[in-house]
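Presented below is the structure to which this report refers.
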Amino acid sequence: MNYSRNTLLKRRAEGFKKGWYKFSRNPVSVLGLFFVLTVSFLAIFAPYVSPYPTHASRFVNFAEAGQPPSLKHLFGTDVFGRDILSRVFFGFRYSLMMGVVVLSLVVIPGVVLGLVAGYYRGTWIDTVIMRTTDIFLAVPPLILALAICSVLTPSVFNAMMAVSLMWWPWYTRLVYGLSSSLRTEFFVQAAEVTGASRSHILFREILPNCVSSIFTKMSLDMGWVILIGSALSFVGLGAQPPIPDLGTMVADGAKYLPDQWWITIFPAFAIMITVLGFNLIGDGFRDLFALEEV
Amino acid sequence: MKGKIVVVVGLVILSIGLVAWGGGPLRATFAWPTYIDPAVGSDFSSSSSLVNLYDSLVYPDAKGDPLPHVATAWETSDDTLIWTFHLRDDVTFHDGTPLTAEDVKYSMDRLTTIGEGYAFLFLGRLASTDVIDDYTVQFNLAQPFGPFLSTLYRLYILNKDVVEANIETPGPYGDKGDYGKGYLLVNDAGSGPYVLKEFRLEEELVMTKNPNYWIPIDVDAPDEVRFIGTTEAATVRTMMSRKELEIADQWQSQEALVALDAMEGVDIAAFSPGTAFYLMMNTRIPPTDDIHFRKAMAWATDYATVVEYIFPGAFQACGPIPQNIPGADPTVFQYYRDLDKAREELALSKYSADEYEIEFHWIAEVPDEEKVALSFMSNMADIGINIKVVKVPWMSVVEEMGAVETSPHIVSIFDSSHYPEAGSLLESRYHSNSAPTWEQNEWLLDTGLDAMLESAINTVDCAERFAKYAGLQHMITALCPTIFLFEQVEKHAYQSAYIDWPTAAGEVNPVMGYNLAARFIKVD
Amino acid sequence: MSMLKFLGKRLALSLFVLFGLSILIFTISRILPGDPVRMALGSRAPQWAVDNLREQMHLNDPLYAQYYYWLTGAVRGDLGQSLFTRRAVIEDVREFLPATMELALSAGVIMAVFGILLGAVSGRYSNTWIDNSVRIFSYIGIVTPSFVFAILFLLLFGYVLNVLPTMGRLSPWIARPPVITGMVSLDALLSGNFAAFGDAIRHLILPAVSLALGGMAQEARITRSTISDNLRKDYIASAKGFGVPERLVMFKYLLKPSLIPTVSILGLDFASLIGNAFLVELIFNWPGFSRYGIHAMLNKDLNAVSAVVMVLGVIFIIVNILVDLIVAWLDPRIRLGAERGK
Amino acid sequence: MGETLLEIGNLHVEFKVYEGRLRVLNGVNLSVQVGERVGLVGEAGCGKTTTMKCVLKILTSPPGKITEGKILLHDKDVLTMGSQEMQRVRGHGISMIFQDPTAALNPVFTVGDQLMSVIKYGSKGSLSKKEIKKRAIGTLREVRLPDPERIFTNYPVQLSGGMRQRVCIAMALSTEPELLLADEPTTSLDVTIQDQVLRLLNELVERHGTSVIFITHSLGVVREMADRVYVMYAGNIIEGARKEELFANWLHPYTLGLMNALPKLTGGGIAEGIPGRIPEYLDPPSGCRFHPRCPRAMQQCSQSIPPVVHAADDHDVACFLYRGETDE
């Protein structure tokens, strides 16, 4: 039974090298990677690369409010006199954090439930898990997230919790589909015949074969989660001021359009670039692994 | 059946009105919700609507003093407990039936039973209402009440028959069912200068001129009044630039006002409506239960920046009562920014600066409040106090202020007096009865203060009453329960090129809502 | 027939899902502390009135009984009272839902028609400049939040160009058509009021388009990839090879199988469209159900929030059943699979 | 034999992909006489199917593109025909059976719908709808499908692989074409029914007198089905002869490899294949494309393309090992 796994792993390593080569040959994916790396770099080193790091927190200077883009403030200043460029850099932090936290909370339970339900397809375990996901998937995620946020005090943390609560079923469903077809595969049955433990079969035999799909979905989902997070902030149920959240910045800036367009436009572009980056990478993965169902 | 007749009559009246008169439409933007039920509504948009749809016994003049309106004359008993009003006999409701003393009593009973809206003005003070004859009504007070006449602006007279015909049972009010609340939510039962034509929740309120109004309305007064339920800056701008909007709401940000002002034919009407902006501190939860802590914050606040940059044209408040309200005392103590004094007070406090994170809630519907919040936050950072700024929608603020444990450390709110006298605000802001309402976050619950307040309000002699008001103002300021930030200058962008708005010309009515009484506005 | 069985099974599952959703929503709505009766009647209402209403709302009963009352009420159409509009939530639903349906359906039609069209053109002429521009468009469409589109359109068409109305459903000077369906444009058309119809359509354009763009991009992308995959399929080559005219091949033999993935994703896209309607209605001041919902959520109007989520759940489930039926109709593999009971 | 029905001359096809150009066909020459059954043999991926698609002009383009060459049908160049004229050629001129019947049948239309479209647009003259249906069911019966009326209303998914291929054969023959292109019609079928289908096809072709190009990777099949055999390798026809001639005197080293791959009824040895694979088309070997795998490769093989020589009567080969008359 180790035979199948070792060759699998070996093939995987080989495949990874080849995959990277193929991935790097696709200019669109590389562009996506470039966006994501740039955004992550700016987010991580925001205190060092932004011209006015103090502007991201409790700072006001009404004397310099509403200035158009200039050399001093490349993206202009908002109505509080804060440098928008600096706030966009810090805003990347919250967007990425939203994506990373939500996905890290969601993927493990989602995947485990999906594996289990798929493996026990047709039993009551399958029924319980999958009907529960049906309930969560019965309403658009944004609406349920909004509803949950509305009973909690608005904050970044609660927004993350609400989105996480909505998001795991997508992974369960994805992995369920994969694992319920994988369990009839030869290598899984071989492992079963040789008496491998259930956890071995689930996590060592089936899971590795779902990884590429999960990975692809995650990179696409980074974008979606960031979008949903920005939508929550847009209506005021997400990050609270003075946290420089991109969605909040767009919503607040919208009041000052069209004269002070820079307050809205730059954060909006920042959201688009971030989401675009993850999307392009996800597409690259999808092409790479030749996946359809993600 | 009767409802149908009303509608038909209304339609006939309406069509005649359209043919006969020629004032253009008056459209104004508003913040929702708007409640046109006289026993429910009490905020700005509701008051402005009630003023147009209903009549009251007396009407405020430009200084806020009572003029005869539906009541032609009145007298009081010697002990000032019995007030008798003589009504006009030519006032008819929108369905054509005459307004009688029975309707006045019904309106008062309904208001005090439901207990919402402006009911608090009368609750506990009014013992009963009696109908003497068709056109004479008598109020029996439980205790003397100095400003009683001024509070009667807020008794909007309902058509009893119409309400009774539309009661839904069961409801919370026993045999009165829902007391017509369901009906009056989207219908009017008044006699006012305007008739409700359409009320689309969260969208707009349309009223047309009442052609049978008992006071002749100027020909140029708007034939149709539309209150549109949005304060969205982009929408307001677009409508204003297309001349689809005559008067904009007062919630527009400074930046938006600048842009509106730049439009051709649009001017900004700025006036002092007797409204102040308060940072209300909860004196029942740590650390704002400590007077030194509160004083430290009052000393650290940068009043100048707020009035200079955030609300240009406003001025720092002097105590709890806006200066143009009768009874305001200009001599009360005013804080100014002094960090040394702030630190001294902080040293006296039993709490250290960073022991707690102070929650500062601001009203989501008023964008400029965020600027105040952030400015306050950075001010407090100077003395080491951590502020957490939270944006909260109006309805939620109202709800959380209903209980002391859910009331935040600080809420920033605009408040104005309900009748033009210092006593109104003193009571609604600091009396124990108002502690669970949105008008008080302080939770003073000070029985001594309550007694003094009641005694002041019960004083019928004006000078004596005002002296008591002054004492109260000093006393409250000394407790430092509130940071009296500034007195508002209300700013409305309006189409100066084609509307004639007395308020913009300086005739500012200090009673909330009366500046939008459409019958005094002329639209070409 | 077995198709009926398929439908029956689907409906039973939907009922179960709705039941689960109702528990979820009820739980969410009771998490929050606070007295809904006090909130409904105001802090100065007399205690006896509060007690009366409390009794009427069954708030003194244990939680499971409350859920029972809430659920049986909901089934009868009684969703409680809204704190914000102060009337029965069901009346609000009746008033606001048609506006949202009007918007969502128009956006859905725009999304489906243009998405498929763009995708088909792009797939048919893949790797040409047409294809490339469609692909760039799809990327922009997918990554741009609909509220950003809404804001940009509001500014561009409403303010800068000033060619389209930006708020509400009808200009104030246009007489409202009688309420038949509640969808203003349809009502106007049904009552023959063409001035109102034109005006209503003009009001619809901006919000519907900003709502549709994201999904449209998604549809275009999916359609493009299926069309260009299917173009390489032997059955297309074979149909052509047997002399079936090009046009017939394209519009019949290529389009029908290519629509299957597009239609299956349409349900999901329609869902996200309804979700996004929450933001777009806010921006265009569209007096719809979603705007009502967002106000309810912001104001913790819990009866209204539960109702909004439940109603949207029902709509979403109906849409998904419809989508399943359409897919089954398009794809005999699924239909026959269902018939054979797998 | 008699008249030439189809003549392919110097056909070059390229596929433009992201990485560059794939030169898939590199000058294919081939001809079919009226009534002749031609076998086209070669490994998978050598360009057999591409050649056939060019004949029907159904090559997916882009990425495919015919860069050079002619395809004459009754001395008329298919490649220069307008779409109207081409329309007439397809169906009753030439029709095709695809390798995989599952892929060749549209999954979302009934057998009847597809068959009727083919008959309607592929037959000579216009037929009424009733006639079309009658003919469609008749054709289904002809390919010995049980219960043709029911199959007419079935979707492909309801049929087995063998039945699907019979449907495809029915479709291909329903228009009574002059030339039938049969692209490995049995490869995707169960071994047990391969023979059945082949025999059916052979029988029908003989009965209708249709010319056939029979594509296969197995010389064994060719031996049964063809009058003439062409051997193809990496985009070139490398050898062509009458069947008897070829099986008696094969010339090209590649053909030798194919012959060795044939299971021998006598001897009982396991077939030996040809070492190596079909080359990459992106950067094909220079000269003879077979030279890297050729056991008898010479220096000149990598330098220039071997010309086609008449090695014997009606036997052409493209290899430097042989010097006969060069094709002008």
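So that you can tell them apart, the chains are marked A, B, C and D in the order they are listed, and the count of residues begins at 1 in each.
Convention: a contact is a pair of C-beta atoms (placed from the backbone, for glycine too) under 8 Å apart; a residue touches a chain by one contact, two chains touch by 3 or more.
Model, not experiment: these values are computed from the prediction.
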item	value
Closest chain to the centre of mass proxy, which here is the mean CA position	C
Chain pair showing more contacts of the two, A-B and C-D	C-D
Inter-centroid spacing, chain D versus chain B (mean Cα positions, whole Å)	89
Distance between chain centroids, defined by C-alpha means - chain A, chain B (Å)	47
Centre distance in Å when chain A and chain D are each reduced to the mean of their C-alpha atoms	50
For chain C, residues contacting two or more additional chains	151, 154-155, 159, 282-283, 298, 300
Residue numbers of chain A (touch at least two other chains)	236, 254, 257
Complex contacts: residues of chain C adjacent to chain A	13, 16-18, 20-21, 24-25, 28-29, 31-32, 139-140, 142-145, 147-148, 151, 154-155, 159-160, 271-272, 274-276, 278-279, 282-283, 293-294, 296-298, 300, 302, 305, 308-309, 312-313, 316-317
In the complex with chain C, residue positions of chain A that touch it	131-132, 134-136, 138-144, 146-151, 223, 227, 230-231, 234-237, 247, 250-251, 254, 257-258, 264, 268, 271-272, 275-276, 279-280
Touch list for chain C against partner chain B, complex	33-34, 38-39, 41-46, 48-50, 52-53, 56, 83-88, 92, 95-96, 151, 154-155, 158-159, 162, 166-168, 172, 282-283, 285, 287, 291-292, 295, 298-301
Of chain B, residues touching chain A in the complex	233-234, 253-256, 259, 305, 308-310, 364, 367, 370-371, 373-375, 377-378, 381, 387-391, 393
Of all residues in chain D, those that touch chain C in their complex	53, 56, 58, 60, 62-63, 83, 87-92, 94-96, 98-100, 103-110, 114, 117-118, 121-122, 155, 157-158, 168, 171-172, 175
